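Order of writing sets the labels: A, B and C. Residues in every chain begin at 1.
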């Protein structure tokens, strides 16, 4: 598989998606999918409000056209049209005049980060609210305030999308990302845009060993909806998977393992991260917080990890207006893209071989061995002999890397030569 | 299960039992059981001398009414009535006058601890002897000495007791202690009294998950006798067990593992000791010395550990007259009692659960989740979600504690709530 | 099994074998076997040139009577009769006069070790050459040189030898050494001579538990030839094996594990090396370089280790004229011999026992226990009780050593006593 430069294009897609007001349902998700569909042929699915999905029910669809707080001079002092984070997600409609004190019960701000507008939601309890910077909140004087939210909560549907890119094998690699967050760049337009460009790259490959399942869902309810339809197949076929989130800022990579930390996804992630040569942060599964909560749950148990940059909850801009287009960079996105390409490439390479002959094959007659008997073997010959020794049908290339220190990429190349020479076969 | 204060009462029972001359057979054991029976309804069993028990034979019954050494002035210089340790256990009767030199072959003392009377026995070789402090021995001048031991060794029986406290399950917890030592407080009246009060406490519980088997036997021959009757059932039913010994002095706790150190008894003991927050000593199974020698032997293989304070053989008062009523304290006994209550309570709590639904259940509709979407979950919610995640049918609560750091007690409480909500079931 | 002194005799055999020109085929191997046969009744086998052995073909037989380089004064400046390393192994015949420059293409020397003649071969590509010290090569002036190699490469046969020393069990211990190197003492006449004397010693034993397979083969092609005939049986029967190589110089012992480092051969080698009390070097299997390359290969998978002194490739005299009779010593050979005797003795001792009774047996009635009950057991009694405790049918003596710290030799002695007493049986 070939590696290409995409950082700038990924950043451009994030910029295009940024202004849209997304939530777990509603037209914002549909508009976002329309933009993504310009890049890749995703299938878009609608699931009616009220549908039971595992233990949950698809909520009413939420849409919003305007929201603001006016002071007694008629000035819009908080305006959804300036920043869609200003409104509490899933706010019910309201049109009232309140005292400063009454208003305060509906306000959300962050005293510790007084210039940031927080991102808050109330999907399952009917209420309304506004989010604003703590500085702004502190400046609100006594007096009357007119609050107006022009939203609707009606029976509609939840929208999600996926794309299945077939491979030689029915075994699947899952890439899942969440599409429900409004104007925030790292969390999670970075994941959405990266998944889009990885799809594009995978579609361009002439041949894939694995089938790829790429999933764009609203977080939690969307993942549950998706699983309710596909978990039997996924439980059977998915051999490794990734939650794509928080991949856009200039920070070291980080890794959140699967439930028990021992799956193929864990092994490939740790190998890829280790061989970047740069430090990375390892989290415990106890620090989880995205759709691995569903994918790894009892009875589902998929082998899913997250490879991120600054992990959600772990950066000061998280879930605020400061997670904006300045916070992510084309360079960081490019690096993230390359790392995911590499993990996928290694998964494709990571076969299990068995030697075709007993004892060492005679490499000399195949021009793979020095003709003069020397005390030391050339390093390339040593690698060949080590692969042949450990190709006993019980080790995949990642395991042979652990046993020999030879990179998976080198092992793959050597395996190709030896397979051609009929010295190895894939099992 | 409720925790109660018992240190003073346990100390009182030790004081009551202290003067009695016990051995592996004889009336001393019967008198001791009579006192214990005032607290708990033990069943008392008699096994005739000569009975084959596994590789052994129940020895003749030994009783003693008096024993002394008189000097040539007719003064009793060593007197069994002052301290029953003065006579070598299982001494045959004697009534002779000897020279100082002849006498010396029958004396036992400890040069390194010259003020202590040692505890010595000769159960299986017919001989007689006296134990005395090394100081006293050194003071014995040349001259004639009259030795008199009024003992009998006759066909009779070995006496032991047990009590089975039934639970919901046939699976058993074994608490075993040894009753054969004469006037020594830590080794092992502490174990005897503690086992009595643990029985009392267990009997008071309205409901028990496990069946409790509490066993009071003379060490070695008694444990073998007990096993010869019950090993098939015990091998099938006992899931964890403890030897109660040396639990009365003011010293740190100590732990002697099972044969391979990997049983449920080991896990609960280590958990309970670790969470006291105080240091404790861990011994190797090679340091064993009580009835785990029988219970853990090949073909029996029970999961038995010892949780002690100063371990037998490891304190200077061990097997001497200095292991007296001053050496043990109500406070130490209380702490030991509480630790055993806790180990039992944790065993009762330590169930294996499995989640009843796929994916995360919707906690909001059960009022178990914040209604406003926030970047961080409250700690209590986090604990709930972690239990639900790891309740996949393969982990008991002790294992979930290891995976999550949540105390077994908290996990148990949460599991109760979730079971009521039909989100978990016990497997 | 009794231990005897053999260092001097082993050194003498090395001295006798040293002058012979050996290669992977030819009369040198036959002459060497004739000398070995004076010590032990090896079976000698001839396999015709052209025979297919696994992926390989037995090459033509090589013999050589003379080889030299003459300068234009007719002086023999490089003379095979002075040192058989001077000729490139398997050189085709040549009789030509060349310029200095033409000659140089056929010369081999070591610039980093300018006084040593290197050992080089070209078994599978037809060419000729001379090896000489780099000092000598540098002194060669321009002029004409007459090169003469009186060798023959004809259809003949490959010669190897083995000896099977039967034991009570069909299970086998393999000792394999390579016989193909010309005049070099440590690599590998030390291995050849040691294997000879170990055979002699094994033949003298009245009784052996295991069957011993001792194999003398040319390296690589000989091991492959041997495996092609015997691998099915060896795969079934060999429980542990050793490559005997580089055992003659005064240096610390070293250990090269089996492929995964977890076999009986690994366990016994590590035990024997550890209990010498002297430091030893542990290598990775990645540093392998002898016939374990065949014996451990996929589909063969024998449990083979190497216990050496200075490992091949790891000493400056390796594969040069400096690996001579001064480099090896009777004392080092004696120590190596004793270590191999010990590994074999431990393998013979290393049985798995199970106790014949439930609970502890009554040791007193068998005079194996103190008659006075004492706080501490005598160390010998403690060892007995520990062996009885861990003799549960799942542990061999090496494992019981790991669990108890008791030497395998002590455990073996105790097991003999307990087996006689019918307390243990071998499983």
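Note that contacts are C-beta pairs under 8 Å (C-beta built on N, C-alpha and C of every residue); 3 or more make two chains touch, one makes a residue touch a chain.
Everything numeric in this text was worked out from a predicted model, so none of it was measured.
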Angle, in degrees to the nearest 5, of the Cα rotation that carries subunit A onto subunit C: 120
Interface numbering overlap (same over half, different under half) for subunit A and subunit B: different
Centre-to-centre distance between subunit B and subunit A (centres being mean Cα positions), rounded to whole Å: 56
Contacts with two or more other chains, residues of subunit C listed in rising order: none
Contacting residues of subunit B [partner subunit C, same complex]: 54-57, 88-89, 108, 120-125, 127, 220, 223-224, 227-228, 231, 259, 286, 293-294, 296-301, 312-313, 318-319
Residue numbers on subunit C that touch subunit B, as the complex places them: 354-355, 357-362, 364-365, 371-376, 385-386, 388-393, 404-405
